[in-house]
C-alpha cells in the first residue's frame, strides 16, 4: 500500500513541478481573499487581529478546494485515472498518495502565503512551532476529507447535493480546530491542547476511514 | 453581436439546466463559507453584523470563481470552444453571451444563499431594492472581469502568474463597492450613491473593454 | 484573383527547434478532394490546423477562396468546415441542440430544418434527442462531421474523418463527400487508409517530417499501385515515389 | 476449472430502457485473438468495458483465467491490459514517466528496463522524454498500447487499437499481437477494418444491437469472403451470415 502511495505521490509532484497548476491556483486564491478581506473589512483593529486566524483558514478552505479540484481534474484528463483505478493495487494506497500530495500542496501554499497574511493582518507569530503544527495538521485534515469527497464527486454526477450534506458537517470541526490552534500560535488564544488533540484525532480517523472506504469510491457505474 | 450573445447564453442555460454544475458548485461554496464563518468567527456580535456584507461578498468572490471555472471547462471539454471561436461571429458576442450566463448564475446563487446569510449573520434587509441592485451590479462586475480572465487563463498556460497580477487589482474596486452597497441595503452604511455609481461605471467600462478585446483573447498560439 | 479554394504558401511551423511543417506549398481547387498521407507526427494535423486557422502563429500565407486569413476573416470562416480529432461538440447538449446552436452561429437561415437534414443524412435522426455524452464513438464522429457541414461550407478540412466509423457510415461519408466535391466544394482530409482515400480523393499529397514529398493526381493511378509506391516511401524512408 | 482466458456469460447491460448488451456469451482461450465487429453503437465498447471491469453494474458473469471479478480481483487485473478510446495517459508526464509509473503500480520488477523495452518496441524510443501532450495522435495511440502491455498481461482488451496508426505502426502492432498470441496470450479487439483484423485475428464475432449474431473461427475463411458476408449483414440488417 505504501509503495502505491509513494508512486502516486511522486507522480503528482512530478506533474505539479512541470505545470505548477495546483499550487499557483491555491496561491492566487489565498492572496485574493487576503486582499479582499483587507480592503473590504478594515482589518487593522484589535478585534480583527483576534479573528485573523479565522480569515486565514477561510481563505484556505477555498484555496484548498481549488487545488483539490485540479488534483482530480488531472486524473480525469485523457482517462488516466481509469487506468489507475484498474491497476491491481490497494485503493487505500491510491488514496494515501493523492492525499499526501494534496496535503503537501496545501502546506506549501500556506507557507508561501504566510508573509502576506502577517503583513495584511498585522499579526505576529508568537509560537512558530505551534503554527507549523497547526498548518500541517490542518492541511492533512483538509486533504483527508477533500481527497475523499473529490473522488466521490468525480465519480458520481450528483456533486450538487451529496457534497454539501456530507462534506460540510464533516469539515467544520477540523476548520474550527485549525482556527483555534493558529490563533494560539498567534498569541490570541489559550488552552490549545484540546484543539490540537481534536485535529490529530480527526486526521487519524479520517485517514483510516478513507483508506478503508476508498475502494468503493473508485468503483464506477 | 446580440444574436450571437443570445445563442451562447441560451446554450449555457440549457446545459446548466441539464447538469446544474455551475450553480450547485457555487451554492455549495457559499454555504460552506457562511457556515465556516459562522462557526469560526462568532458572528453574533454587533461589530460582526456590520461586517456581514463583507463576509457575504468574500464568499461570493470564491463561489463565483468556481462557477466561472465550470463555465470555461465546458467549452474546453471535447474542444467545443474551438469550434465556437472559429465561427464567423463577433468575438464580443461570444463574450457577452458567456458573461450574461455567468452573471445570471451568480445572481441566482446569491438569491438562493440569501436566506442562509440572513439567518447566520442575523441581519435584516432594510432596503430590498438596493439589495437587489447591489447583487445584480456586483454579479455583473464579477462576471465581466471573471469571464475575460477565465478565457485568458484557458487559452494560455501561464495562469499562475498573469492572473493575480492583473485580476486582483482589477476586481478589488468592484468588490469594495459591492460590499458597501450591500451594507447600505442592510442598514449598516450610509451614502451609497458613490458606490452605486462606481459599480455602474465599473460594469460599463469592463463590459465595453472586454467586448473590444475578446477577439485577441480567443486567438490561440 | 485566384479561384483556389485553399492556398497554402511556404507554410513553416516550429515547435521549439522542431519544424512540424517545413515550407509546405499546396493549393486545392474547387471540385478537388485531396488526401494527406504521412506517418504519425509527419505534420498532417498541423497542416490542417494551420489551414483552418486553429494555429495562427506560423510563417507563410494561407488563403481561402482568395481571402487571406489576415483580413477580418469572417468570410473565410463561413466557407470552411472543420473536423478535428476532438468532436467539437457540447457533451451535455443533444445532437440536435448542438447542430442548431452551430447553425445559429453561422446564421443559417433555416437552422432548424438544416440541422434535421444533416442529422438524417448521417443516419442520426433517431438519436437527435440523445445527449452527446451517451452516443457511441462512431455516432459522435458522424455528428462531428454533420456539425462541420451544417453551415454549408465550401471547403472541408477533415482530420482522419473515417475514425470510428463502421462500414455503412464510411460509405455514407464517401457518398456525401463525392456529392460535395461534384457540387464544387473542396475537401482536404488526412487518413492512413489508402483504399478508403481512393474511394473519394482526386489527389494525394504525402508529408514526411513536415515536408511535402509527393503531390499527384489520382486520376491515372489505381489504389494498389499508389499504395505500393506510398508504402515504399513509408517503410524505406526514401523520398519521392 | 476452465482454462478460458476470458469468459463472459449472459452479459446484459442496460442504459435506461436501452439494452447495450443483451445476454452475450463469449469465451476466449489463450492463443486466440478475437475481433469484434459491429455497427456504431452495437455494443462493442460496452462489451470490452464489461470484460475489463470498467463497468461493474451489469447482469451476468465475467471470469478472467477462471477468476471471477467478484473476488478481490487483483489477479484478474494484473493479467489484463486495456486499450480504450481515451489514451489513459497523464498528458503532463513524459512517455517514459507514464510507462514507469504504471509499471510500478503493477509491481513490474524491472520497471525501468521494461518501460524502455516497450517504448522501443513501438518505435517511441526517441520520444521517450517528450511530454505526452506534445505527441501526435498516432504516437499517443502507440504509447497507450505500450502502457497496456507494460505489465506483461496475458489478456489484452483493445478498443479500436489501430485508430490513428500509420501503416508501419499498424504492422508493428500486428507483429506484436501475433507474438503475444503465439506465446499464449489472448486478445479481444474491436475494429471496423476487416482486412486488418484478418492480419491478426483467429476468430471473429459480430454484435448487432447488443446481441451476438456471429461467432466463427477465421481459419477456414479468407478476408474477402468474410467481408462479403459481414457487409451483407451490416447493410441489409439481416442476421446470421
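A, B, C and D are the chain letters, set down in written order, and residue numbers restart from 1 in every chain.
What we mean here is this: a contact is a pair of C-beta atoms (placed from the backbone, for glycine too) under 8 Å apart; a residue touches a chain by one contact, two chains touch by 3 or more.
This structure is a prediction, so every number in the text was calculated from the model and none was measured.
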Shared interface partners, meaning chains that touch chain C and chain D: none
Remotest chain, chain B as reference, centres from CA atoms: D
Inter-chain centre distance, chain A versus chain C - centres from mean C-alpha coordinates, in Å: 46
Intercentroid distance (Cα basis), chain D paired with chain A, Å: 39
Whole-Å separation of chain centres (CA-atom averages), chain A against chain B: 24
Junction residues of chain A - those touching two or more other chains: 19
Residues of chain D touching at least two other chains: none
Overall pattern in which the protein chains touch one another (line/ring/star/complete/other): ring
Pairs of chains found to touch, sorted by chain label: A-B, A-D, B-C, C-D
Residues of chain D defined as touching chain C within the complex: 15, 38-41, 45, 85, 134-139, 141-142, 160, 163-170, 192-193, 230-231, 234-235
Residues of chain D touching chain A in the complex: 52-57, 73-75, 77-78, 80, 82, 84, 86-93, 97, 101-102, 104-107, 131-132, 147
Interfacial residue positions of chain B with respect to chain A in the complex: 19-21, 24-25, 27-29, 31-33, 35-37, 39-41, 47, 51, 54, 57-58, 61-62, 65-66, 69, 157, 159-161, 163-164, 167-168, 171-172, 175-176, 179
Residue ranges of chain B touching chain C (in the complex, touch as defined): 3-4, 7, 11, 14-15, 18-19, 74, 77-80, 82-84, 86-89, 219-221
